[in-house]
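Chain nomenclature is as follows: A, B and C, assigned in order of appearance, with residue numbering initiated at 1 for each chain independently.
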Amino acid sequence: MKSSLLETKSLTVRFGGLTALKEVTLECREGEILGIIGPNGAGKTTLINVVSGIYFPNGGQIVFDGKDITKLPAHMRCRAGIGRTFQTIQLVKELSASENIMVGCLFGRGLGLREARRKTQELCELLQLPRPERYLAQLTMLEIKKVELARALAMTPKLLFLDEVMAGLSINETRAMIDLVREIGSRGVTICAIEHVMMVIKDLTERVVVLDGGQIIATGPYEHVCNDPGVIDAYLGKEE
Amino acid sequence: MKHLKSALLIAILAAAICFPLYTGTYLHHTAANILIYTTLALSWDMLLRSGQISFGMSGFCGIGSYAAVMVCLNLGISPLLSIVLAGLVAGLVATLLGFAVLHLRGMYFAVVTLAVAEIFRVIVANLSVTGGTMGKLLPGAIFGGNSYGIYWLMLGILLLTIGLSELFERSRIRFALTSIRNNEIVARSTGIDIFKYLVFTFALASAIQGMVGAASAQINGFVMPESSFSLNFALLPLAMALFGGVLSTPGPVIGGVLLGIIDQVLREQIPYGHLLVYGIVLVVVVLFMPNGIVRAARVQIQRIRIQRIRPTS
Amino acid sequence: MALIYGLQAGGLYALAALPLAVALGIVGILNLSHGTLLMLGGYFAFWASTLWGVDPLVSVVPLLVVFFVIGMLLYRTTIRRALKATLFSQLLLTFGLYIVFQELANLLWRSNARQLDLSYSSASATIGSITFGTSGFIYLAAAIALVVGLVLFLRRAKTGQAAVAVGQNPRGAQLCGIDIDRIYLLIFSLTVAIIGAIGALYVIRYSIFPQVGMPFNLKGLCLIAVAGEGNLVGIVWFALFLGIAESLIRSFPGYGGWASIVFFALLIAGILVRTHRERRR
């Protein structure tokens, strides 16, 4: 039985009158690849945002690696070992691809400049990213995703959130990315992936959590969850 | 190519240092004045790299100048040391202020810095210990008014600032500030303590401004609310930095020196309203060279180089 | 007493701030040359009065027209290009214009202050034992008229509503078929026209010199920052409030010099309070 790396307990997040997350209690076990699915607006990205520290919850608790991080500021959580990628492209425009990755090394990991440069080169080779001196405007979509991934990895996270990392990729690119993610997982990083592309969830994840309207409506292996009537309703809408 | 660049820089540095040996007193003072504003332009740019626009330079210049004068008059500290102390005082004030104000962004932050600068001015103008609206008089100017010393003092401060600016550009500070400037959420998610960097940059830039203000006060031999907190300190360096090209070290320096020279030339031709052409220059630059003349020049040089390699028929 | 002068001064501050707010809110440009435009309008009215005996109140109408044209010229030649550029460029551009206008005035009319002496500028009234100048109420009346006019225009008139739409979401408005360039031109020229005309009102009571523009810039900015650029009515309230506060402090003997702090201190307080509420912590 793997130990719990991340636990949220009754996590509630409200934006004004809108409750984005309602009493969300879930668990992410060390070494697993957890999938988070759900219709649009279910609160998946909010969940990542709250765990990584962009928002603070209105209620509930977040426990990471045995410590309560609910009140910890975002940059400290990142150093504690939580990494993430973003749904919309969020690279720093005025830095080149390798410089973006270096940001992760320098601040997420606290390396010196020289070590950061070395590590950046390693990561570029691992992710097969040629000519990393290019800037955002000169990169393909897949390359941009790789840079974001590299930056997150540069922080040597224990837990990595992937927010729809497959969005916008072709079939071949998706396959390449799946292999990459599996490789990362095999190196000991626990992964939590939000996805809409079901093929990816089926291939990659061992366990899936389904969110709808800010609440968890199902948990379990993909096949199980797939056939859950509640989940089908959520995606397709209830039959009148 | 790199050697050529270094050689050029060394030549310019040598020329700058030897400048007073070939020119008269009037030019020494003029050049020192240009150096004052150029240093301010560079310090403003350093804060700009974090994404924050400040209109409060006049406030820190004023604080620095008053701090230096008060320390000189009341504690008998030497003028040079008073300049350093003034810088520390300004930096300290900025740090304290920063805790209150650096949660603000954009226009809000800019407006608040302006308001704070004006508040400092009014406070100083109303307290008798700072001499009220009449200000304070120093027994004499620094170095006994020796214009060589004055020039080298200001050159030294500018070189120090250039050094700090380059430090910013070549260290992890550049990565941090650029990330913060572009996207704070991402910066936070990659482990950057935004507040720490903002306070640090703000304090450092303000310390430089304090030193400049102090040096200016020592050179003039007096402080007065109107002149020590003059809005010229807050506004003209902005134009210089934007003219030369922001977010770099050479931009504000070149912009400062060039605009300073243009201004001085015009001042002699058109005593009343010489800033007019200054304003026209600004408008023209914004419309046709928005990235500043340094980058525009670089683009032109690139074009010329490409032409040489591949001449179009 | 202080209350009355405060109301009058506040009215003037509101007058100066309103067009700036409209320009910022709808066209999205912070017009740093704003204060100097007021100064130029003031000079026009001054000379019209001195040379041709035209009363400033009468000058208001031709000034509106003249400055509308000036606004159009400014927009077409300079502002429009700057809108596509960064915030820095816009600030620098309008700042450059501010210098141009101020120095132009310096060049043409030197920097000594001039004052009009009109028959009614020193009119006064007496209530009980207090005598006070009444000509300043023009500012209050004009401010009220202006804010009412602007709010009606923006809410009821078709062009006004289009302008609000453009201010909130330019791309969206464009997709709805609104010609945003025309709106920008119209609104910008309108704000220039208004502020030029306000210059005429200004010289009724105050002396004019080239540097007179900047304080209005600052105070206008303060008001906008505290009230919010869309909150025109709020700007008027804050302007009156600040005018009274300033006047009150001035009325205490020996504390007169501290009066200008009022604006800035309240500005900072206002901004801090507002952003504290908005922060999601």
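By our rule, a contact is a pair of C-beta atoms (placed from the backbone, for glycine too) under 8 Å apart; a residue touches a chain by one contact, two chains touch by 3 or more.
Here the structure is a predicted model, which is why all the values come from computation and not from measurement.
Student: Which chain has its Cα centroid closest to the overall Cα centroid?
Tutor: Of all chains shown, the one whose C-alpha centre lies nearest the global C-alpha mean is B.
Student: Looking at C-alpha means, what's the farthest chain from chain C?
Tutor: It is A.
Student: Nearest whole angstrom, what separates the Cα centre of chain B from the Cα centre of chain C?
Tutor: Between these chains, centre-to-centre, one finds 31 Å.
Student: Determine the centre-to-centre distance between chain A and chain B, using the mean Cα coordinates as centres, and give it in whole Å.
Tutor: About 43 Å separates the centre of chain A from that of chain B.
Student: What's the distance between the Cα centroids of chain A and chain C, rounded to whole Å?
Tutor: Inter-chain centre distance comes to 50 Å.
Student: Sort out for me which residues of chain C touch chain B in the complex.
Tutor: 30, 78, 81-82, 85-89, 91-93, 95-104, 106-108, 110-111, 214, 218, 221-222, 225, 257-258, 260-261, 263-265, 267-268, 271-272, 275, 279
Student: Hey, which residues of chain A end up touching chain B in the complex?
Tutor: 52-54, 73-75, 78-79, 84, 86, 90-95, 99, 102-104, 106-110, 113, 151, 155
Student: Could you list, by residue number, the parts of chain B that touch chain C in their complex?
Tutor: Touching chain C from chain B are residues 53, 100-101, 103-104, 106-108, 111-112, 114-116, 118-119, 122-123, 125-126, 133, 231, 235, 238-239, 242, 246, 270, 272-276, 278-283, 285-287, 290.
Student: Which chain B residues qualify as touching chain A in the complex?
Tutor: 171-172, 175-176, 178-179, 181-183, 185-194
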